[in-house]
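These notes open a run of structures that come right after.
Shared between the two complexes below is chain A, which pairs with chain B and chain C, respectively.
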Partner chain A sequence: MTQKIDVEKIIGFTGYKKGDFSVCLGCKICASVCTLNDFSMHANPQGLLLKIFMGDDSIDHDPLIKNCVSCYRCTDACPWQIRVPEVVRALRESLKLSSPFEKAFKGSISIWGRVYEPYIFLNAIGFLIKNGYLKHLMKWTEYISFHLPHKIKRI
Partner chain B sequence: MVYSYYPGCSLTGSAKRLDVATRKILTGLGYTLKEIPEWNCCGAVEYGNKEELLKLSGENLKKAEGLSKHVIAPCPACYRNLKESDHQGIFHIYNPLDLFDISKIKDMGIKRDLKNMLFTPYYGCVLLRPKETAIKNKNIMEEIITGFGGEIDGEKIRDRCCGGNLFFSNKEMTEKCVGLIASRSKGIFVVYCPLCHMALNTFSERKVVYITDIILYILGERKTI
Partner chain C sequence: MNVIIIGGGISGISAAKILLKEGHRVTIIESAEEIGGLMAKIANCRVGFKTFFDEIKDRQHLTIIKGKKIEHVERKNGIFKLKIEEHGEIEAERVIIATGLTPYDPSDIKGKRVFTSLEYDSIIDQRNEKLPEDFNKIAFILCVGSRSKEYPLCSSVCCSYTIREIKWTLMRSNPEITVFYNDLRLFGQEFFLEKLFREKGVRFIRTNTRYFEEDEAGVTIRYYTDGEIKEERFNYAVLGIGLRPNQGLLQLSKLFGFSLNEYGFVKEVEPLTADIEGVYICGGALEPMNIKDSILTGFGAGLLASKGKEKVYEVLRENERYLYSEKEPELDIDESADTYLLYAGTENPFSSMFYEYISSRFIDFAKKLIQSGKKVYVVTRNFVSPSYSELEYEEIKRDGVIFINLEEGEYLEKKNGMVVIGGGKRSLSLTVDRIVFMDDLISDLKNKEFLSFYRSEPQLRWSPTKWSRERFHVGFIRHPRAKRWEGREIIGALSEMLLDREEERVIPQVHEDRCSGCGSCKNACPHSAIEIISVPKDVAIFGLLSNTLNPVARINSNLCMGCGLCVSTCPSDVIDLPAA
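And then the complex of A and B:
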């Protein structure tokens, strides 16, 4: 599924400027604290930044794209506080990798201005069934409360 | 002083209990809350385009301005987004954890304690990172639990990630994260984030509660934890 990556677009999404990443020291402290490496997933946030910077199209095989949990442990430990998870989210958006659940989430915002959970649940039901979410339903009973959606008014 | 209150979407639905308890406790502590009129979703972490994301919270700050520039946002994701969208730093944005105060809770009238109970206070990521938006008192849950006689475990994993962010796109990752946290801690999980609650509750066999459940239990307003 190799897609061309649009470096300008990704960096634009993050709010960074290209030059902001040139401060990266290559020290890989980010990799040493990355949550993914608790599970031996060979994640290297610095390597990902470098690939984006070089416009490397093999980037979509990087384990961070699918698995970065946005924990900001890398950012916290980085001498420059570089926000790798925001780069990953920008990359996901530019590669249009959002799940049906995430699409339904934005759909709800565009209808009501808020997230209405039953709408998202129903819209993503196919995805939830296919991916084995329904077996958790018993654990979710405490989250269920009945309320109607509220459409926000312009003020 | 009046505080603008931003409940956020989860707190109107799956985390309604957190909303009710937070309002009750803050009111008891002397805060006057006014809900921001016609507030909109903060966008959580679903937007890859940061400008688009922060615009949503910027709207909410505009709607709050008429009420009070002091804004309280319980949900950690909403709290962080609001804080980040305040580019000029003209608002004061608080998470209730920074407003809970054990001596003032004691003044509200204590009915029970937490003796012989073991807890893992779990903060997760959003309340603690990045540094710019972190809560100030990073020990508040421990202070409350031990202050009323409860015991603490899981110090090493309190700031690890629950993977909740990927709950609805790649739950295998969430399951791994929760597995690690559960294997290195004991007792009842205590959280403040609705997403952490859902992740820990779904993928561990342990009880998960909000810190507000504990406060209400101590105050005698909840029968069990």
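And then the complex of A and C:
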């Protein structure tokens, strides 16, 4: 059985050391302030961290994976200032959970350093149609631009 | 000899007490307008401090300078010359740093209904005739301002004072009380208080929160427990604030030239000794500690300042027979397995006393195991690593030991070869090769007489190491705790012995001619100070003289505390307390 959760890999994505996350006291202050809990989503960042460290595979149902907006309220309240949103993003990356739109968005940023709408449109067309996002197309066309942006200079 | 004590709190006064007894001239410099420090701010400790201080306040050789700061310090030929504002110069051979602790100020989360434990204490102060009208539902939130990135030590007293604040609250009123905690770091008999309060309906929830929504009528607290988020209204929320090193220490270290450690406390090179000659440390200048330990270290620093290290060794040799210590048991686990689960949890309040000891052992075990590449889980119902021990706890977490905190109602069980955490909503299961239970490790220790358990908690006593006049407990048997305390405790105990010799006591007298030796006084004595001995006695039977041995009670004056229980128990009134 291959494990879905590879702690080292996930921590590697965040750019921090493992110890920066494993100092967690388990106090659940993060859960008390989490924005998702304003909508009763029962999100618990501490539980998510524990699951990662234990290699628990049932992780993709966690409300944070789907909904975390990286507001860093948990980090702000955490006594150890643990950067949970970073872990969530790394998890999405390693579980390949990011939506085609997200991928296209990131791809556009990494190529041009800005959002280039035609690129996103072409790459995520299936996703946009499937989820009914095309109804926003009219609004989008107001500021859409078709000239090709410069490639970013990598220093 | 002249000795200067900086800080007029409980540890400073304790140091003054032993120094005055040894015949030195003592000057206490207090920066506040009144002496007493943090202890005198607590309503129920105020009187205690006063009685303690009243014993020495009229001594001729004691000078107290209040509300003044030290401006300049000069040292020549081993003599400190201190210049004090609006007071002039004073000289001293030795200096004791007893600056105490500063309570953390959580100004960012405080409000009208969310306040600190010290503010709460002034509400339930018995000098206030009435409690607020809406005193119905109160939340206590622990670990505010300690165990964090900014200040990684555990303040080690917040859990204890919270449990006492609950006691004082319940003595006056009957509100619904909820305690939000991370670990309940109680000591000795306090675990019995916890059990009592649980039975009385005080809720303990193992979670913490920073979500307070305050309005005119109360405060809404949101917290996460047992897999779901909950919101609840309370009338008041009390923040169990931690204790930080005194801010004045930085200035003092510059003036005197001793060094501080990275957390802002005075660096201790030997027990109670700073890194420059003639400067000793006690109380909260060392680390966060409770009142009893402040007294203990105050006594110790006083003795060191009075006699110096070498002479203290002499005192130790003379009095060694009164020191009672026991070797701590050697606990070990075999290292043959690959995955370990250490379970720090017990239901019995007596065993709970060993949480601190077992936690420190578990830290050692886990460190050893994780370094040899094993996987280690620690499942905790409670994990007690106060003050500097918290750093070791943090370190093994960084090293990769996984801590699983059991919430209220959860338990550990074995199911199909797996360890399952049951009782709650979360489904967590582990496969481990070896489980180490806390209860198994301490099973041999249960019938020992630990001082911190039997004699000293939760009532405040002025005798931190005394078991009886012939036995002063130090080390493991006093309080199973970290090694750095051993030296401090021995010096403190020696000091306490010297003080104890001077104390006046009332010893009951037995009228041996009338005593029948029934032994009821012996059974009643809580300190085992009464023995039944046989004395020869001439008895006349029908005019004949015969010699017999008569049993009579005899009181060992060294063990007797003068409580008078034997006097009231004696069925034939042969024991008297001498009139004062």
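The definition used in the following text is that the second predicted complex is superposed on the first by the 130 of 155 C-alpha atoms of A that agree within 3 Å, B and C clash if a C-alpha of one lies under 4 Å from a C-alpha of the other, contacts with A are read in each partner's own complex, and residues count from 1 in each chain.
Here is the rule we go by: contacts are C-beta pairs under 8 Å (C-beta built on N, C-alpha and C of every residue); 3 or more make two chains touch, one makes a residue touch a chain.
Nothing here was measured: the structure is a model prediction, and the numbers come from that model.
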item	value
Touched partner set for A:Thr141, first chain B, second chain C, both or neither	neither
Most chain A residues touched (candidates chain B, chain C)	B
Contacts of A:Leu50 with chain B and chain C, given as first, second, both or neither	second
Touched partner set for A:Glu102, first chain B, second chain C, both or neither	first
Chain B versus chain C as contact partner of A:Phe13, first or second or both or neither	first
Which superposed partner A:Lys66 touches (first chain B, second chain C, both, neither)	first
Which of chain B and chain C A:Ser110 touches, first, second, both or neither	neither
Which of chain B and chain C A:Gln81 touches, first, second, both or neither	both
Contacts of A:Thr35 with chain B and chain C, given as first, second, both or neither	first
Which superposed partner A:Glu93 touches (first chain B, second chain C, both, neither)	first
Residues of chain A that lie at the interface with chain B and also at the interface with chain C	81
In the complex, chain C residues that touch chain A	143, 147-149, 182, 207-211, 221-225, 227-229, 394, 397-400, 402-405, 426, 428, 430
Residue ranges of chain A touching chain C (in the complex, touch as defined)	18-19, 22-29, 31-33, 37, 40-44, 47, 50, 53-54, 56, 77, 79-81
Chain B residues within the chain A interface of the complex	9-10, 12-17, 37-41, 43-51, 56, 63, 125, 129-131, 160-161, 163, 165-166, 168-171, 173-174, 176-177, 180, 198, 201-202
Partner chain B, residues of chain A touching it in the complex	13-15, 35, 38-39, 66-67, 69-73, 75-76, 81, 83, 86, 89-94, 98-99, 101-102, 105-106, 108-109, 113-117, 124, 131-133, 136, 139-140, 142-145, 147, 150, 152-155
